[in-house]
Amino acid sequence: MAKKLTYELALNELQLIVSEIEGEGIGIDELSKKVKRAAELLKFCQGKLRQTENDVNEILGQFEE
Amino acid sequence: MPNQQNYSLSDLMDELQMVIRSSFDHSYWVIAELANVSGSARGHMYMELVEKSNHQIIAKARANLWSSRKHQIMKAFEEVTKETVKTGMKVLLQLSVDFHPVYGLSFQVLDIDPSFSLGELERQKQETIKRLQEEDLLDFNKQYVLPVVLQKLAVISSESAAGYQDFMNQLEQNTNSYQFDVQLFPAVMQGDKAPESIVLALEKLENKGIEFDALIVIRGGGSNLDLACFDDYALNVRLAQSFFPIFTGIGHERDQSVTDMIAHTRLKTPTAVAEHIVQHNYEFEKGVKDLFSYVLESSQDSIAENQYQLEKASSRMAKSSLDLLHSEKSEIRELSFLTNQSAMELIHQNKSQIQQIKNDVMYLSKSFIKEQEQFIGHQKRNVALVAKDFINRENVDLYPSKHLVKYSLLSIEKENNKLDYIKNLIRVSDPELLLKRGFSITRYNGKAVTNAEVLEEGNEIETQLAKGSIKSKIIK
Amino acid sequence: MAKKLTYELALNELQLIVSEIEGEGIGIDELSKKVKRAAELLKFCQGKLRQTENDVNEILGQFEE
Amino acid sequence: MAKKLTYELALNELQLIVSEIEGEGIGIDELSKKVKRAAELLKFCQGKLRQTENDVNEILGQFEE
Amino acid sequence: MAKKLTYELALNELQLIVSEIEGEGIGIDELSKKVKRAAELLKFCQGKLRQTENDVNEILGQFEE
Amino acid sequence: MAKKLTYELALNELQLIVSEIEGEGIGIDELSKKVKRAAELLKFCQGKLRQTENDVNEILGQFEE
Amino acid sequence: MAKKLTYELALNELQLIVSEIEGEGIGIDELSKKVKRAAELLKFCQGKLRQTENDVNEILGQFEE
């Protein structure tokens, strides 16, 4: 993947996957893959969120003193 | 002209002489101005008489005063008027008229009335005084304040006059040994030429550029006649406006001249002027001496007083200045405090603002993240949900297996039925079953006989029964 | 017999036998043989059916659980 | 069989078998075979589904904590 | 940035960031950046404030004596 | 500055600065400048006052001896 | 100054200055100038007084002999 994954892209892909699964356009074989991808994306997004939260805490925590 | 009677000139002149002598046979008192006065070597005096109206000569005649009468007339005149008869004078003359064929018309002066001339001189003098008064010049010179000491003196006098010598002697021999700086400006001091001469001297001294303490006009020792020049208007106008205060010592016996009147200080004689000046200086010296000790005392007083005043002024000034400075200092301090306070307040406000913004960023970021986390959770559940849905759907799709079973069983059933039918058919067709029911099979030569016609009598046939067989011969 | 007997072959032979019997063209002796053959074939076919039925039921059973 | 069996292929074959059986175009001999094949395919598909379900549960379960 | 950063500019940018975060017009990817930028700006502003405070104390302290 | 600074002008400017700061119409960037300017003016005024005081004292001193 | 300074003028000016300062109608700038001027005037007056005193003493001395 040339383009670096961002939260935005991940979220979009996730929603695409959901609608693809809902749309019945895929088979079980693909479902497995899609679910795995969704898991990856979810993990990525959660990581990103946790990281951002940490960043916010860390960065803004400096000013408490 | 042939009809005319001709005269010889002498005839005519003789006739004129006769007429005039008979018509003007006595003397006349005539008022006239002396336009010119001249004398002859023989002691006669020739006068030119004129009468003017508005500066125009309206009558003019010659008159002769013979030396025989002249001395007596002149003596009487000078005694009364202290003046000599001279050009420009208005006189009252006693004249007799004569005519001479050769010399023409002439008047002989028989007498001159001195009292008329005296009156006339007085009139002129009064007129001069009046004019000077009108021009505010009469007391003009008196306005000068004399220097306390008179030292630099300008003298207008005749150099050779005895009065000048008297003046100088008096000055130089003063007992207080005052020093004087006297400069003489010589001038003619009597007669017609005097006014012009004095004015010239005046101009000369004024042009010197020296600040004289006084201008001394003195005369004396000469004739007492011809002093009417000091009543001259032009001279007095000029003298009155002199740069310096004028002292006069003209020595008029009659009464004071106009020059005395316009002078700052008038004295009878040059000696008196000198005495006055010495006295003036002495008075100053005396006054100075008297004042001196008083001055010293009061100077010391005044110095002390002034010192005190200065100190008072200085301390008052210092006090109020320091008061002012003090109040300004507190104002500056206050301003400094206010600046500090307001700046700190502003900084504090900004600090709270920054803190607020920080909190906002923190809070908003966190709630944003939380929201996203919820969204992600939601997405996760979504994925699970749709995936499970999907699997369930697929499970349902696998149910064609039921059809499979159903149709398979159906097919088996059908086959079974088919087989059952066949089975039944076969069973009813089974020969053994017929044998058991009592049927039998007849064989001839081992072959089952189905048609009796093929058999002949005697043929041995075998009959198969359900159990066992029997052999028999055809009988019929 | 080289060729292995199948339900099809068996059923065909059976139906041939049935039509021979019905055609009355055969004698009693042959009939006997035919009947005996038919019985054999029937037994084979029935066995086959039963087995298939069992198979189906077995499959069905898998989904019933 | 060169081509690896997928859920898709299995399902397709299964449906083909069903329609063949429904069409009554097959005999008992084949029926037997078809039923056996169908059983296989069903087993495969069910296994696949179960596996996928497990996958989904497993994957998504990670985030429940 | 050609323009030199001032307290004023920093404050304005900060308020813009706050309203952007409030307005939810940005994604998590941007949020991270925005928060980092906000931290920078906050640090700058605090520094400026501290410096100004010191200046005030120093400058006006001269007049206390 | 073409016009020479006087105590009067300095005082007026100071009062203006105080009211500006009090009026909160200025930002931190300006505050720094204003405070520096105020310090200058205060120093100037104090110098002027001290100098004048010295002058006064000197004058007073002339009479003390 | 075209007019030559005299003790009288100096004293008058001095008293004027004193009353001006007392009247508090003047600012520090003027005060400075006034005080300087007053110093000049005072110096002048004192000088004049001292000189006069000396003169008087000297003169007095001449007569003491």
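Order of writing sets the chain letters: A, B, C, D, E, F and G. Residues in each chain are counted from 1.
Keep in mind that, in the parts below, contacts are C-beta pairs under 8 Å (C-beta built on N, C-alpha and C of every residue); 3 or more make two chains touch, one makes a residue touch a chain.
Everything numeric in this text was worked out from a predicted model, so none of it was measured.
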Graph separation of chain A and chain F (steps between touching chains): 2
Chain whose mean Cα position lies farthest from chain D: G
Chain whose mean Cα position lies farthest from chain C: G
Selected pair, greater C-beta contact count between B-E and F-G: B-E
Where chain B and chain G are represented by their mean Cα positions, the distance between them in whole Å: 29
Separation of chain C from chain E, taking each centre as the mean of its C-alpha atoms, in whole Å: 97
Centre-to-centre distance between chain B and chain A (centres being mean Cα positions), rounded to whole Å: 85
Averaged-CA centre spacing for the pair chain C and chain B, given as whole angstrom: 148
Chain D residues counted as touching two or more neighbouring chains: 7, 28, 31, 35, 38, 42, 45, 49, 52, 56, 60, 63
Sequence positions of chain B contacting 2 or more other chains: 310, 314, 317, 321, 325, 328, 332, 336, 339, 343, 347, 350, 358, 361, 365, 369, 372, 380, 383, 387, 391, 394, 398, 401, 404, 408, 412, 415
Interchain contacts (touch definition) - all pairs: A-B, A-D, A-E, B-C, B-D, B-E, B-F, B-G, C-D, E-F, F-G
Touching residues on chain B, where the partner in the complex is chain D: 377, 380-381, 383-384, 387-388, 391, 394-395, 397-398, 400-401, 403-404, 407-408, 411-412, 415
Contact footprint of chain D on chain A as seen in their complex: 27-29, 31-32, 35-36, 38-39, 42-43, 46
Residue ranges of chain C in contact with chain D within the complex: 6-8, 11, 45, 48-49, 51-52, 55-56, 58-59, 62-63
Touching residues on chain B, where the partner in the complex is chain E: 332-333, 336, 339-340, 343-344, 347, 350-351, 353-354, 357-358, 360-361, 364-365, 368-369, 371-372
In the complex with chain F, residue positions of chain B that touch it: 310-311, 314-315, 317-318, 321-322, 325, 328-329, 331-332, 335-336, 338-339, 342-343, 346-347, 349-350
